[in-house]
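In what follows, subunit A forms one complex with subunit B and a second complex with subunit C.
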Partner chain A sequence: MSRRRLLAIARKEVIQLGRDPRSLILAFLLPLLLVLVFGYAITLDVRDIRLAVLDLDVTSESRKLVDAFEESGYFSVHRRLERHGDAERMLVGGEVSAVLVIPRDFAADVAARRGAPVQLLLDGSDANTATIALGYADAIVSRFAADLLPVRDVSLAVEAETRIWYNQTLESRNMIVPGLIAVLMSIIAAMLTSLTIAREWERGTMEQLVATPVHRLEVVFGKLLPYVGIGLVDVVLASAVGVLMFGVPLRGSAALLLAASVLFLLGAQGLGIFLSAALRSQVLATQAAIMVTYLPALLLSGFIFAIANMPAALQVVSYAVPARYFITVTRGIFLKGVGLEALLGSLIGLAIYSVIGLALASRAFRKEIA
Partner chain B sequence: MSELAAPMSELAATRPAVRVSGLTKLFGAFTAVDDVSFDVGTGEIFGFLGPNGAGKTTTIKMLTGLLHPTSGTAEIAGLSILHDLETLKCRIGYMSQLFSLYADLTVEENIDLFAGLYGVRGDRLEERKAWILEMAGIGEQARRLTADLPLGFKQRLALGCAVIHGPPILFLDEPTSGVDPVARRGFWDLIYDLSEAGTTVFVSTHYMEEAEYCHRLALMNRGRLIALDSPATLRGSMADPLLELRTDDTPRAVELVKGLSGVLEASMYGRALHVLVEDERAATPVISEALDNAGLTLRSLRRIEPALEDVFVARVREAGGVE
Partner chain C sequence: MTALSRFRIRQIVRKEVRQLLRDPRSRPILFVAPMVQLLLFGYAVNTDVRNTPLAVLDLDRSAVSRELADEMVSSGYFEIAIQAERPSELVEALDRGQVVIALEIPPQFSRDLASGRGASVQLLVDGTDSNTGTIALGYLRRAILAYGLRKSDLTESLAKGPRLEPRAWFNPSLESRAYNVPGVIGILILLMCLLLTSFSVVRERELGTLDQLRVSPVKPAELILGKTIPVAVVALIDLALIVAVGTAWFGIPLRGSLLVLLAASLLFILSGLAAGLLISTVSKTQQEAFLTMYLVLLPSIVLSGFFFPIHSMPELFQWISYLNPVRYFLEVVRAVFLKGAGPVVLWPQFAALLILGTTGIAVAIRRFARSIA
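Showing the complex of A and B:
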């Protein structure tokens, strides 16, 4: 391999990129935009659940219970209903996610200590929100019941004192942003390089290129070099947005994050070059790149769905999804501040990916026409 | 075929720059190049002539290492296209059929790129760059995007990039297609300059007037080499007499004359008709009578010296016609 020829290719790529606004937008603006959109839009926290209240008792006790729901911050009373029929209509129409039904004898039952029942109807079509709402409602009702006891003389024998580490406030944004960086880079990296070789075939420039003594590894690495640079800039930009705008903590080593990013980028961009060289069409190669990187990265990496909760078969498949390792690394570095030893397994996973990506890229690229 | 055994030009005899033997390329069941053998002498301008699909481009791509032959081999500057491909690529220049420099790079950036790939640098690069800019007549436009250059200048730049490393052998695949006649003539002046400086030039074309510029010509049809000689010898090799016929309705006359007895071939040649016959004396009255019967006016009918195109048409017919 000749360093000069490799650099001649890399230099040409940089000049071409600089003159192509479409590629520049794809390379720099798109990741930034996605981080902002996802960062603001995806939040798994459930707040202000829309609640309808059917208060059949209408006493000061029943009003206190409704106030307790409202004051919690998790529910907002959206409607007050008159009849049972309305409750179903509200849920079906999606106007509210939950209906609190307080039966007629609520105050009397409370006074008589008869374990006054209240009913909560939940819209189970959004199971995630329903489960979380149920948890909140349970807590609110228990607390309400406890406050009704005249003397707090009941001391529990065992009490669990929970504390959540690494993300004390359980902000889902803290979970999402580091994972998002990994998912974003999965899409962008392979997509960027999926254009490069195919474009040369489509424009006919490849023919002149392969007639020169340039070695195929020089072409592959010469093209990779600028894109790895762009990928690293993207990682830095996305991390900066996460830290500065969303207040996500960066507890670990930034250098380690960049090193892991290089491994991941080599794999993903090698894969992009492989697809580009194998398909020789920009449209096909881009679509293929999105297919093989985006969907697995989104669904099987643990970004949204915890891998531990997946069926066993999918858990096995997830080992082949490089974003899985990268997400472990980004979350580990951002949230836990862990170092090399803790991430070694994932880093090895990424290293294997980069070797596979590069091997595929250099094998698929043939210096032969047709 | 006697032409294939014709003596090589003196240049070719001394030390062949290209030696092709039994070169064959199959694409599936289709034979693109069929057992082609020939030598090209050092410093020669060797023309490759034939209709589209005759196998010219495929042959050039095999000789420049862009395609692997199915069988057969070739030696270029003493290097095998099968075994010494990487070294070989440093010794040859190649300019493809379609303009294939980077349109989104400037003239100078294209030159720098190919200089980098061919390992030309330092003083030599400056010298070669100045030469290319002057040769192509684009000294003023060094910083312009290549896309904005007129086609004629693009072709000259492409030629410059193809020879930036001063290769002893240059392959040009239909280098002037789409270029106007004046620019074409200018391009051939450059080819002559290179040839005089000792470069062997292997050029394919389908322009007959360009074929006349070559020292020797190889005629290809359906993947086979059907004739190989100097333009003058090829023209002189036509044994059958050729008649030029002028009438008031040439398209009708072609159909009419083609079927007559004693007529081997009739084809349009501008406004006239070229008719290849078995025997001049016998054919003349037959042709006049046929035109007369059809109500066409015969303006003139005379024997002429064949041009290369006539030779080409005749050879293709002898070889079994175009696909």
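Showing the complex of A and C:
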């Protein structure tokens, strides 16, 4: 392999990229925009759940209970209803997520201490919000009930002292931003996949490239290099926005983060080259790349959805998803501040992936050229 | 604009269909890929916390402390992955990400509980996955609270006071799959429309065949119709496949009318095609179209309420989401599937889809006409 020829291919690729400045701008705009949208919009913290209240009792007791819901900060009273029929309409129309129904004899029941049920109707179609809302409502009513007891200092028999590590406020952003880097990398890799090699085939310039005295490995690496560069700039951009704007902590080593990114990029792009050499069409290769790199990175990597919750078969599949290892590494570095020792397993996984990716890429070339 | 010719539209449709199907490798992408994605989404997109790995460090080693640990497991939400002997093992398990949550029962636990002074346990939570962390912590706290209440003498007096009787409508077992699978329809239709149209014009331009079309007597509107009709058909077939698999395989109830679903899908497809065509006409190269597609696709998914509740977003993003057709389509799909809702309830969403779809298409046609004129 000659350095000169490799760099010549890389230079050609850079010049080609430079001729299409709009794509280049998009490649850098994408991480910024995604971090902003994901950082601001994604919050799994459920607050201000829209609640409708059907208070059939209308006493100071029932008002106190409604206030307790409102003051919790988890619910906001969106509507006050008059009839049961309204409750159904609200839930079907999706105007509120829950309806609190306080029956007519609530205050009397409380005073008589014969058990005073209140109903919470939940829109179960959004199971996630409903589950969380139920938890909050349970806590609010329990607290309300405990406060009514004659003994004021009700100490519960078992107290749970909680300490949350790595992300004390359980901020979604801290989880999203490191994961997003992996998703971005797979998009960048897919771009190389679907476009640069397939484009040469579509335009017929691949034959010219093959006719020159470059070795296939030189083509593979020469094509990879500029995109690894773009990928690394994207990592830096996304991290900078995450750290500076959203206050995501970067506790570990930035150098290790970049090194892991290079491994991941090499593997993903090697795989991409393999796909695009096999498919030879930009449209097809794009679609294949979405299936092979992007969707698994989004769904099977633990980016948002916990792998432990998936069916066993899918959990096994997730071991073959490199983004899984990469996300373990990025979260480990950003939030846990752990180093090489704790991440060794995942890094080895990434290294294996990059070797496989590159091997596939160079094999695909040999076959095509022969 | 002079009258459109049915004949010329049909010719373009034929050309597009041939192009779509000529390549045997592209056929699986049209119909198999959506299925794979549906299965992936159906199984992977799961926000129910079940079998969360838990580490337990029981320093008390009494019957009572074992009872507490067993209780956590019997809830079905947790699975004891690590039975630690020393505190350092808990730290290690969390550092390595082997468990999400750790329960430490102190040595004097059973004594404190018996004495009535009140006992305490420690929970260590891995906050990196804040979603699982929040939900798991909620469950574990409730389980411990319930355990504590049972052990105390308060149970009886609390039962005499106010208590909550929850009832979940539409999805009594609160399974997240029933919410997610119908949502996948929206995401997949959007993805299909964007994938198949974003490249359609720019590809012809890059290959130079657009000039041939330009000198042919085909009008821009005919060309657009010819290019989009096959995509709409593919999207509808995918819709049928997804509905069939969603109800038959995942057991999602379809309580509303299929007709309402179809009508909403047609309106939504308009928006998807408009977005794809716009991307294709403003892009100079396929590479650019590809990146722009992501620039459109990801925010439309994030701001649609597919994974993340819109009402928890900052005000600004809630406003932006009103311009997102995916948002309305998901509301319709979910309401039709789970709530059996009809046009009486859903007319605002239909109106929004209609307005967004028709303006989108109108803008796309105008831009396109100008770009090839």
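One rule holds in what follows: the second predicted complex is superposed on the first by the 355 of 370 C-alpha atoms of A that agree within 3 Å, B and C clash if a C-alpha of one lies under 4 Å from a C-alpha of the other, contacts with A are read in each partner's own complex, and residues count from 1 in each chain.
As a convention for this text, a contact is a pair of C-beta atoms (placed from the backbone, for glycine too) under 8 Å apart; a residue touches a chain by one contact, two chains touch by 3 or more.
Remember, predicted model here, so these are calculated numbers, not experimental data.
In the three-chain model built by superposing on subunit A, subunit B fits alongside subunit C with no clash.
In the superposed model, A:Pro213 lies in contact with subunit B only, and not with subunit C.
Counting residues of subunit A touched by each partner, subunit B versus subunit C, the larger count belongs to C. Once chain A of one complex is fitted onto chain A of the other, the partner contacts of A:Gly204 are limited to subunit B, with no touch recorded for subunit C. Contacts of A:Ser239 after superposition: neither subunit B nor subunit C is touched. Once the two complexes are laid over each other on the shared chain, residue contacts for A:Ala137 go to subunit C alone; subunit B is not touched.
In the superposition on chain A, contact of A:Gln269 is made with neither subunit B nor subunit C.
In the superposition on chain A, A:Leu7 makes contact with subunit B only, while subunit C stays out of contact range. In the superposed model, A:Asp20 makes contact with both subunit B and subunit C. Superposition on the common chain places the nearest Cα atoms of subunit B and subunit C 13 Å from each other.
According to the touch criterion, the shared surface of subunit A, contacted by subunit B in one complex and subunit C in the other, consists of residues 20. Interface residues of subunit B facing subunit A in the complex, by the touch rule stated above, are 27, 61, 64-68, 86-87, 89-90, 94-96, 98-105, 109, 112-119, 121, 158, 161-162. Residues of subunit A that touch subunit B in their complex: 2, 4-5, 7-9, 11-12, 15-16, 19-20, 203-215, 367-370.
Contacts from subunit A toward subunit C in the complex involve residues 20, 22-23, 26-27, 29-30, 33-34, 37-38, 40-50, 65, 89, 91-94, 97, 106, 110, 113-132, 134-135, 137-138, 141-142, 144-146, 148-149, 154-172, 174-175, 187, 191, 194-195, 199, 202, 279, 281-284, 286-288, 290-291, 295, 299-300, 302, 304-306, 308-311, 314, 328, 331-332, 335-336, 338, 342. On the subunit C side of its complex with subunit A, the touching residues are 23, 25-26, 29, 33, 36-37, 40-41, 43-53, 68, 94-97, 100, 113, 118-135, 137-138, 140-142, 144-145, 147-149, 151-152, 154, 157-172, 174-176, 178-179, 191, 195, 199, 203, 206-207, 283-288, 290-292, 294-295, 298-299, 302-303, 307-309, 311-314, 316-317, 331, 334-335, 338-339, 341, 345.
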